[in-house]
Amino acid sequence: MSGKSVGILFDRVRWEEKELGRQLEIRGVPYDMIDAKSQVLALDKTLFTTVPGRILVRCVSFYRGLNASSVYEAHGIETINSSKILDICGNKLLTSQLLAKNGVPTPKTIVSFSPEGAMQAVEEIGFPCVMKPIIGSWGRQVVPIRDRETAEAFIEMREQLNDSMHTIFYIQEMINRPPRDIRCIAVGDEIVASVYRYAPPENWKTNVALGGHSEPCKVTSELEETILKTVSVVGAGVLGIDLMERSSSEFVVHEVNGTVEFKGAQTVTSNSIAGRIADYLISKRNREETQSVKA
Amino acid sequence: MSGKSVGILFDRVRWEEKELGRQLEIRGVPYDMIDAKSQVLALDKTLFTTVPGRILVRCVSFYRGLNASSVYEAHGIETINSSKILDICGNKLLTSQLLAKNGVPTPKTIVSFSPEGAMQAVEEIGFPCVMKPIIGSWGRQVVPIRDRETAEAFIEMREQLNDSMHTIFYIQEMINRPPRDIRCIAVGDEIVASVYRYAPPENWKTNVALGGHSEPCKVTSELEETILKTVSVVGAGVLGIDLMERSSSEFVVHEVNGTVEFKGAQTVTSNSIAGRIADYLISKRNREETQSVKA
Amino acid sequence: MSGKSVGILFDRVRWEEKELGRQLEIRGVPYDMIDAKSQVLALDKTLFTTVPGRILVRCVSFYRGLNASSVYEAHGIETINSSKILDICGNKLLTSQLLAKNGVPTPKTIVSFSPEGAMQAVEEIGFPCVMKPIIGSWGRQVVPIRDRETAEAFIEMREQLNDSMHTIFYIQEMINRPPRDIRCIAVGDEIVASVYRYAPPENWKTNVALGGHSEPCKVTSELEETILKTVSVVGAGVLGIDLMERSSSEFVVHEVNGTVEFKGAQTVTSNSIAGRIADYLISKRNREETQSVKA
Amino acid sequence: MSGKSVGILFDRVRWEEKELGRQLEIRGVPYDMIDAKSQVLALDKTLFTTVPGRILVRCVSFYRGLNASSVYEAHGIETINSSKILDICGNKLLTSQLLAKNGVPTPKTIVSFSPEGAMQAVEEIGFPCVMKPIIGSWGRQVVPIRDRETAEAFIEMREQLNDSMHTIFYIQEMINRPPRDIRCIAVGDEIVASVYRYAPPENWKTNVALGGHSEPCKVTSELEETILKTVSVVGAGVLGIDLMERSSSEFVVHEVNGTVEFKGAQTVTSNSIAGRIADYLISKRNREETQSVKA
C-alpha cells in the first residue's frame, strides 16, 4: 500500500473513467483502475489486495461505492468523495435537509413514512408537485404529480416497488422553471464547469442520459454564491450540483451528485473537467506529503 | 414543541413499546406514542406535527427509523438512539468494521462486491462460514455455508434477491460456540440485562422470535469489559449487544441492535429493562435542564 | 379420497369462506376446509393427504390456486373453478383476448412487450386510457393515464417493479362510464347476484375493498345476454363478472374473477350467494353420481 | 398478413436466432426477424403490424413469449411452439406432472405452498434433494439441499425472493447420476440432436452457459422411446428434452425446454440443428397449403 499512488474505483468503465485515467497519465501520475467487483476486503486488519493511498470513487452502484469507501477509510485510505459526502449526496432526504437547514435555497420538501402520509404531504405541497425515491439516479422513478388521482396511483406503485426504501416518501414542490436545469461541477471549492441541460422535446426531465443537450451557462455571482455555499455545507470533493432557476437571479439546488457524470457538460466546456479532477487528486497528495515532511 | 416531554416513535406496537409507555407513566413522565406512519415532516423549517423534545426511536423498519431520526435531529430534537448509532447498528458492515478497527473482539469478516468476489471471500474464510445481508433483522437470510456447492447456490440467490443491497456480500467466520449466544442490553454505559439465548432444538439460529429460550447470564469482568468497549466505540444509547463465546472467557461481538427487542430477556431479568430505559430518558432530560439553568 | 365430500381450498379465511362452510353445513354436506399452505402434494401417484373428490378453489394467491388446482386435476379431482378457467380469469390478457375474439363487448385493449411499445399503445388508444398489470387483484397498480408525461412515468415505474410480468404492458381505453361498475356473479349458467359498485368519493376505482358501496342492479335482457355469453366463452363455474356501462343499454366486460369476493354484493342481494354456490357444488356431485350409476 | 412467410420472434439475437435465419435463407424461404419489444398488438380485431402466418417463438423472456404467442394464436397465426406447449415447458410443475401422470420416467417431485410445507416435502423426499423455482431458466436458483439446516436457509431465501411465484415450492429427488446430463432436441417427432452435457469442474450444474462442455450421445432404443413418449405427452414442436441417467439404460426426463438453446449441442452434432428446424417450419407450411388446396 502506498500513499503516493491514486486509484479509480469503478464498476463500469464509462467515458468519464477513461478520460480520468488519460488525464492522470498526461500528468505522469501512476494510477490503478480498480474494479470494485474484484475487491475482497477483510474488515479486521489488512486489505487483501494492495491498494493506493487515495481512491476516487466512481461506482455506478451507490451502495457499492458507499460501503466500499467506508471500508477503505477504516483502513486509513482517503476516498474522494469521502463516505460521508457519498452518503449525503446519495440520499436526497439527507441532501435536502442539510441544504434547508443551512439556508441554501432548495425546493420545499416534505417526507412521510406511509402512503397516507404521502397523500397528506402532496396536499400540503399542492399541485403540481414531484415525488422522488430518496436513493436513485438519472431521474429514475422521479414522477410529476398533477392531480389527486395520479398522486394515489403513483404512491400505490411506489409502495409496491417493495425495495428497502419503500416506506419513505419524498414529495417536493415543482419549480416553475424554464425547460432546463443547471449542472455545475465543483472540484474542491472551484467551479470547473457550468452548463444548462435542456430537456429533450416533449420530455419533462433534463437528464442528458435521456437525450437532452447541454449549453454553456455563465457563472453569475448569485450562482457562484449558491454553489460555494452548497460545497461548504456538503463538504469539498468532486460534486455535481444541480440547480433550477426560480427566477433569472434565484437558483435552487435540488440535487448534489457524489459520483458525477460529466460527458455532456464536457461537450460545451473548454477546460478538461477530468483534468481538473486529476489536478485536485494530485494537489491533495502534495499537500499531504508536505504535511508529512513538516511532521 | 417542548423540551420536557418524551416521545416513542413506533411503526408497530409490540410488547416492548407498551411496557416502555407503562414505565414512563409509573414515573409520572408525560409521553407521546408517535406513529411514524402518521408523520408528515417538512424538511425546511417547522415540523407539521408538534413533537416532543426527545424521541426514543423504536421503528421496526430500519430505513424508516433512520431517516425519521435524521429529520428530527436536523430540527433540533434529540433522538435515542441518534441517527449515527442507528446507521452503524443497522448496517453490519459498519458495525463489524468499527469493532474490528477499535480492537473489540469480533468474528473475522470479509466483504466483497460481486458473486465472484463473494466466492473468494468464502474460500479465504474457509468452511464452515456464514453469509449475512448487511441490512436486516431477526437472522433473516443469515445462512450457514458448509461447502463450495452450497456457497455458490446461496451467493446466486443472494444476487437475485435484487434488493438495493444485492451488490454487497458479507462473509463471516462461523464461531465454534455452544448452542447459544449472549444478549446484553446496555443503557447509557450500564449493563441492565445479560441473558443466554438458546437456539430452538434442531435450529442453528438463536433468535427468540424463532422459538429459542432465554436464561440469565452472569456478567463476568471479561464480558463487562467487552460490552463497555463496544458502547464506547458505537456510542452510548439503548443498545442490544449480541455476543458469542469463542471460549469460556473469550467473547466476540457479532451484532449490535439499535432498536433492541427485550421481551425474551425480560423473562429472566429481575430489573425492569423498560424501566431502566425510562430512567435513562429522564436522566438525559434532567441533565439537559440543569445545563440550561447553568447557561 | 372420496368422490362424495367437498373441499374448500383457502389460504386466508375471509367472510366468504366462512359463509360457504356455513351453507354447506345447513345443507348437510360434509366438507373440509383445506389450508393450501398445509398441502404437500406428490406429483407422481398419490396425494399425501386425503382430499375430497371436488374442491372449490378460494386461494387469495392466484399462482397458489392455479398451480394447486393443476395438481389436483392431474390426480383426478375436480376443481371449481377448473385450472383452465382460473388461468383465463387470472390473466387479463387472456380474458380480454378471449372476450374480444368471441364477440363479447369489452374495452379496446392493446398489449406490448417493452416500454417503447407501451408508449405506442398509449398513443394508439389515446387519452385518457388505463394501464393494468395482467396479473393482479383489487385494482392494484391499475392506473389512469391522462397525458403523455404521466404515461412515461407510469410505464417507467411498471418496468421497474421488476416482477416476472414486467415485460408485458396492457393498455386499455378508459370507458366514459357513470361512477360505478356492475358486478354479476354467475354460478354455472345462472346469475345469482347483480350489483352496482360505486367508487368511494374522490376515488376513481370502484373496488369495495377500497371503501365503495354496493346497490342492487336490475338484470336487463341486454345485461343477461352479455353475462351468459361471457360464461359460455370463459367456461361455467363460479365467476365474478365485472362490467361497465358504455351507455344505458350497452355493457362492456372488463374483468372476470375466478375466485370472486361477494361480501359487498351480498349486502344488497336477498338470495344467499354462498348458498347458491353450495347448491352448485351439490348438484355437480349428484349429476356425477347419477352418471356413475348409469355407467 | 400472409400464410406463406415465416417469422422468428425474438427479444435478444443469440447465435441460434442468426443461424435459424441463415438456414431459412439457404432454403429460399422469406422470413421476418420480429423483435417482440417492437410489437404493439391489439386484442380485438387486427394486429397493428403485418405479421407472417407462422411464427417461431424464440423469446428469452418466458412470459413475453407465452403471452405474445397467445395473442398471435387468437388472431389465427400459428406459433411454434404453441402457447400450450410453451406454458407446459415454462412451468416445471406442469411439465413434471404431465410426465408423471403419463408414465414418462421423471424424478420424484413434491410441491407445496408454504415454507412449512416445503420443509415437509424435503423430509418426505429425503436428503440430498433439489429445490427449483417452477419458472426459470439456465438452472438459476436451482439449489442442492443436503441437510436440514441448509434446507431451512434456502426455503427462507426462496420465500423472500418475493417474486410472484414465491408461494410455490418444488422439491425433487436428486438423481445419483454421472457428472453429466443428456440434452436431446426433438423437432416434430424426430430426434435431431443428442448430446451429453458435462458439468464444469467443481460444479454441480451441467448448463453449457455455466461453462460445461458437450459430447455426442448415442440414441439407444431406450433413450429414443423416452424421448418420443415425452414428445407425445408434451406435444410436437421444437423441444429441448433434458434427461439424467439413473442407470445405463434408465433415463429420467427432468426438464423440457420450449425455446431451446442449441449452440453447445451443435458443436458436436453433424446435422445442422437450425436447418432441421427450418425444414420443419417449411414442411408445416407445405402440409397446410396442401390441405388448403384439398379443401
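By letter and in written order, the chains are A, B, C and D; residue numbering begins at 1 in each of them.
Methods note: a residue touches a chain if its C-beta (ideal position, glycine included) is under 8 Å from a C-beta of that chain, and two chains touch if they have at least 3 such contacts.
As the structure is a computational prediction, the values presented were derived from the model and not from experiment.
Under the contact definition stated at the top, the chains bordering both chain B and chain C are A, D. If you average the CA atoms of chain C and of chain D, the two centres end up 30 Å from each other. Note on chain placement: the centre of chain B and the centre of chain D lie 47 Å apart, centres being C-alpha means.
Mean C-alpha positions place chain A and chain D at a centre distance of 45 Å. Interface note: chains touch in the pairs A-B, A-C, B-D, C-D. Residue ranges of chain D in contact with chain B, taken from their complex: 140-144, 146-150, 152-154, 156-158, 160-161, 202-204.
Partner chain C is touched in their complex by these residues of chain D: 11, 36-45, 48, 61, 63-64, 67-68, 70-71, 74, 91, 93-94, 96-98, 100-101, 106, 108-114, 116-117, 120-121, 124, 134-135, 163-165, 167-168.
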